[in-house]
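One chain, chain A, links the two complexes that follow: it is found with chain B in the first and with chain C in the second.
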Partner chain A sequence: MEAIKNALDFSDFPRLDLSLAGAVFAFLLLFPALPHSSFAMATMIQFLMFSLYGMGWNTIGGYAGQVDLGKAQYNGIGAYTTAVMMVRWDVPFWVSMPVGMALAVGWSFLIGYPLFRLKGHYFSIATIATSLVLKDLFEVWDFVGAATGLQIPIRSKLPDFLYLQFRHDYYYYYILLALFVVGILYLNAFRHSRLGFQLRAIKDNEDVAKSLGIDAHWCKIKAYAVATAFVAVVGSFHACYNFNIEPEDVMSLDLSVLIAMMALLGGAGSLWGPIIGAAILVPLKSYMGDWLGAASGLEGLNLIIYGGIIMLIAAVQPRGVWGMVEAVRARRRGGYAAS
Partner chain B sequence: METLFAELAKSLVSGLIMGMVFALVALGLTVIFGVMDVVNFAHGEFLMIGMYTTLLTSPILKVDPLVTLPLAGLVGAALGVMCYYGLVRFLLRGPMVAQLLGTFGLMLTLRNLALLFLGSEPQIVHEGLLVGKSYVFGPGIVLESTKLAAALLSIVSFAVVWWLIRRTKLGMALTATSLDAEGARYMGISTERMNATAWAIGGASVSIAGGLLVNFWPVDPNVGLLFTMIAFATVALGGFGSIRGAFYAGVIIGLIVYFPPAWDALSNFGGLDWPSIHSFKYTFVYLIYFLIMVFRPQGLFGWKQ
Partner chain C sequence: MRKLAWLTAAALLAALLIPGLALAEDKEIKIGVIYPLTGGAAAEGRELRAGAELAQEIANSAMADIDMAMAKNAGIKALGGAKITLILKDHQGNPQLGADLAKKLIEDDKVVGILGCYHSSVTKTVAAVCERFGVPMINDSSTSPALTKAGFKWFWRTTPHDDQFTKDLFEFLKGLSEGKAKGVKAVPMADLKTLAAACEKTEWGTNVSATIKRYADEYKFDLASNLLYAAKSPDLSAEVQSLLAAKPGAMLFASYTSDAILMMKTLQSMKAAPKILWGQDAGFEAPEFVGTLGDASVGVLTRTVFTPQVAQVKKVSGQVNNLYKEKVGHDLSGASARAFTGLQAWVYVLEKAASTKPEDIQKACNSITIPGEELVVPWNGIKFATQGEDIGQNVLGMGMIGQYQKKGDKITLEIAYPFDLATTNLVYPFPGF
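Then we have the complex of A and B:
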């Protein structure tokens, strides 16, 4: 009950934020009804997916301040669980998704326990290493299709809500939008929860948090599991949306870094940050790839610009867009910017 | 039986040789980390640029690829200094996240600049004094002279950097900065300049390693990530910031990566059908990194925790 009350309690945000968020939500709800190209639709689906990834990452990377660069492995576990169960045993999405989530969370406990003995860069690079090990294993594992990956067979009758196969993208869009809303509500509850406060205490000063009786190691593992669950669910969805998955696609290092980057660009450790970050980076990447991709003869230029933007953000405002907003607001109030 | 021994000896030799090169690759990373606690994700891209420098300049200047090594070193050093003053200096003001992301952005940019201007085709040095020649040591052990030269020159470069850091005034200033930057500043050492020096040394040594590698390893814009990870594993094994550690760890990693061919020989031995683990050779590198970080975070020779 407490959690549900917290999930619906947005009263600590200024009215301006809430009306903006309401307008954005109305737009998201109505988007499929507006005239749009299929490319715009695909970009919007990507945006929602990366918002969810970012929200998940935000729990461990933002609230707990542990920069995790290995999220792709959980995306892979989710995607592969769904794909394998569909291809081999004909199991519906709504069954395989929780199974994938459970497997991913189980794996996150296994590697999270030793990983969280590390701090700072050591932790970040170790998460990359685990992710690469898992990817290498999947690339030679015949059961999951090795390097060529898996192809989900198309069902005879469409639309199929059990197996998440549709002819039109807007079905996928609305399912993802529903997950998106659930994600926001969950994170809003998380923000107010005991774990949320404990994590922020750990982020500010781990030694002080420990001296107050917080089991920092266990808190981080729990937050890591939450983040993993988000990513695994989107992974399962990705398998159904793309039909075809392969290790290079769902478990690459680029994906892990992209997830972290979206959240950081928007502002890690805030509710809206990952969404803002995804809203900026996903369309930018997708349209730049379209204009400056292989077809234009300038292969690589889009990623050069992209890399430049990342460097600029990291050098100028590592606290992201939301950090800037908060700094401006704090200055108006005449106080100091809260972290 | 004879082939088994030959295979083992071959793995041992190629492992040792590649280990020397890996050590030189990791050297730059460990120097930069030791002096200023920054992890450089673009390290492999510096290597790639060194490889391209040698590949492209030796036909233009009409000299042997090995002669262009100092040039590769200069390019790497210049790039390192540019990166420090243009980017890393600003990243240091922010939290740790900023360094990770900033150097990752640098990696993306360098890699795709190479893609844009040099194309995605893998290329390799075709002409050179040593290319294509090899020595035969005993039954079955054939040693390409390019690899032998790479190993020897790696040791030389390593020794030069070691001498620079351990035996010169500049090196003492670098060590002082890494031990206590604030204290070094009070002693009149310009830590800013020391940081830039660390980047210059790091860039130069890894670019030279690239120039050596390109004689037998094809270069393409994406070659960097594998070497970045190998360098991370090497540095972790040897201890972050430890130069001696980087050397021994490089050799150990080289032996591990090049041992699986011996496994293949073993798998045929005695008619048993062992599963081939050859394709996992780089997975072992990542695994080592993970295990070392968890069970011995200071590495074998590290002094920084």
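Then we have the complex of A and C:
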């Protein structure tokens, strides 16, 4: 009950933020009804997927301050659980998705327990290593299709809500939008929760937090599991959306880095940060690739500009776009930006 | 002002009176082309793009000096001379992006069909999108056997796949031991019996690796080492050491461009001296391979579907190759020749279908036979299987094995297999680095 109250309690945000968030939500809700291209729809789906990845990453990377660069392994576990269950045993998405989430969370406990003995860069490097090792294992594991991956057979009758197979993307869009709203509400409850406060205390000063009786190790493991659950759900969705998965696609280091980068760029440790990060980087990547890519004969230029913008934001405000907003507000108030 | 009004009215009247003319000029057939134009396979992507664009140019204009049916007319004759327009997209080797681009091409750009995508992994997701939308896709350059085993109804592949290419290699090794290779006496089987393979570990390389293993067993070779490696790896010395430890007679590779070059440089630094060094196309026949390695590439064998030497046995190949060279600055490669053939297949299918409706194109694909003499590649033609295990696969395709040899100052890719098409004596054993 307390959690539901917390989930719906946005009273600590200024009215402007809430009005903007409401306008954005109305836009998201109406988007499929507005005139749009299918590429815009695909880009919006990517935006929602990366927002969810980022929200998950934010719990461990933002609130707890542990830079995790191995999230792709959990995306892979979610995607593979759904694909294997669908291909081999014809199990619907709505059953395989929670199973995938449970398996990923279980794996995160196994990985998290020893890994959180490490700190700082050592922890980040270890997360990369575990993710790459798991990817290598999947690449030679015949049961999951090894490097060839798995192809989900297209069902004879579409749309199929049980197996999440649709011809048109707006079905996928609304399912993701529902997950997106659940994600925001959960995170809002999370930041008001005991664990949320404990994690911020750990991030500010772990030794002081420990002296106050906080079990830092266990808190981090719990936050890591929450982050994992988010990523695994998107992984399951990805398998159905793409109809085909392989280790290089769902468990690559590129994906891990992109998840962290979007959250960091938007502003880690804030509720809106990962969404802002995804809203900037996803369309930028898609549309610049389209406008400055193959058709114009300038392929490669889009990647240079994309990299340049990331470097610029990182150099101007390491706390991301949300950090910039907070800095401006703090200046107006005549004080310092809240950390 | 009045004069302008009169002119406008006259122009409008003319447009109304001769609508047929205006329509014929505007008629275009859009084909979506998805290739890796950036990323690890950008070099191959450039080749593919240039190959497809040359085929488009020939299809859209009458060229009397090219002995090809599509060069005789400007545009698609059966569709009133409609011109082919290519809408190029870059998938960066990313299957998800490939699928998104396919949706964009189908729904936003309203393409008649799709051509691409080189990476088998991307072709898979794009083929799944085409299947859902009921839009035809012709694949020119992805060689994973799995693609034509999924039972897709809207997918056709012109290129032979890795199963056939790898079988060619073992036929070549067998022929070498039987004295069939041009200019080489029968090689004792003991010299070749031990094999070592290293394949990059994406979908494509893993499949090649499994096929090598299967054929090694079938042809009774001893595959002493069969390892997978990451194509993006910055160092391959551990892999090369493992290959050398097997003391193989023949070393076999499936690599993209940068890893093929790194593999060769590492072999060179470790003074590897196998009797045979063979690559499964891709990186081994990219123009950068010879450009970077120079003389170190002499004696290396690669499976391919095209070498400029094909012109010696096929007139039309020479004619198209000359045009390509004029335009791009170098000879057609396996990638560009296959992209050319892929778009050519599209043109012939559209001529046969005489329609741009997906169902008519599907029917045309399933019944078309393009004779071998029309093609730049040395195949017996194009005819897609409609039943059996490999639905949509071209059953008249054929692989070749080429060998880099030095002729004067130039390094050329000579045909070594099929033995009856060999353009020069085989250099055996591999001369070393």
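Of note:
To be clear about the criterion, the second predicted complex is superposed on the first by the 330 of 339 C-alpha atoms of A that agree within 3 Å, B and C clash if a C-alpha of one lies under 4 Å from a C-alpha of the other, contacts with A are read in each partner's own complex, and residues count from 1 in each chain.
Going forward, contacts are C-beta pairs under 8 Å (C-beta built on N, C-alpha and C of every residue); 3 or more make two chains touch, one makes a residue touch a chain.
Just so it is clear, the structure is predicted and the values come from calculations on it, not from any experiment.
Per the definitions stated earlier, placing chain B and chain C onto a shared chain A by superposition produces a clash between them.
Between chain B and chain C, B contacts the larger number of chain A residues.
Of the two partner chains placed by superposition, chain B and chain C are both touched by A:140. After overlaying the two complexes on the shared chain, residue contacts for A:257 are found with chain B alone; chain C is out of touch. Contacts of A:307 after superposition: chain B is touched, whereas chain C is not reached. By the touch criterion defined above, A:151 reaches chain C but does not reach chain B. When the two complexes are overlaid on their common chain A, residue A:286 makes contact with chain C while staying clear of chain B.
By the touch criterion defined above, A:46 reaches chain C but does not reach chain B. In the superposed pair of complexes, A:122 makes contact with chain B only, with no contact to chain C. When the two complexes are overlaid on their common chain A, residue A:181 makes contact with neither chain B nor chain C.
In the superposed model, A:110 lies in contact with neither chain B nor chain C.
The interface of chain A with chain B overlaps its interface with chain C at residues 140, 299-300, 303.
Against chain A, in their complex, chain C makes its touches with residues 35, 37-38, 42, 49, 87-90, 92, 94-97, 99-101, 103-104, 106-108, 121, 124-125, 128, 131-133, 144, 146, 150, 201-203, 205-207, 228.
The residues of chain A lying in touch with chain B in their complex are 67, 69, 114-115, 117-118, 120-122, 124-126, 128-130, 132-133, 136-137, 140, 253, 257, 260-261, 264, 268, 298-301, 303-304, 306-316, 318.
Residues 37, 39, 87, 90-91, 94-102, 104-116, 120, 221, 225, 229, 232-233, 236, 279-280, 282-283, 286-287, 289-290, 293-294, 297 of chain B are the ones that touch chain A when the two sit in their complex. Residues 37-39, 41-43, 46, 139-140, 146-149, 151, 153-154, 158, 167, 169, 238, 242-244, 246, 248-249, 286, 289-290, 293-295, 299-300, 303 of chain A are the ones that touch chain C when the two sit in their complex.
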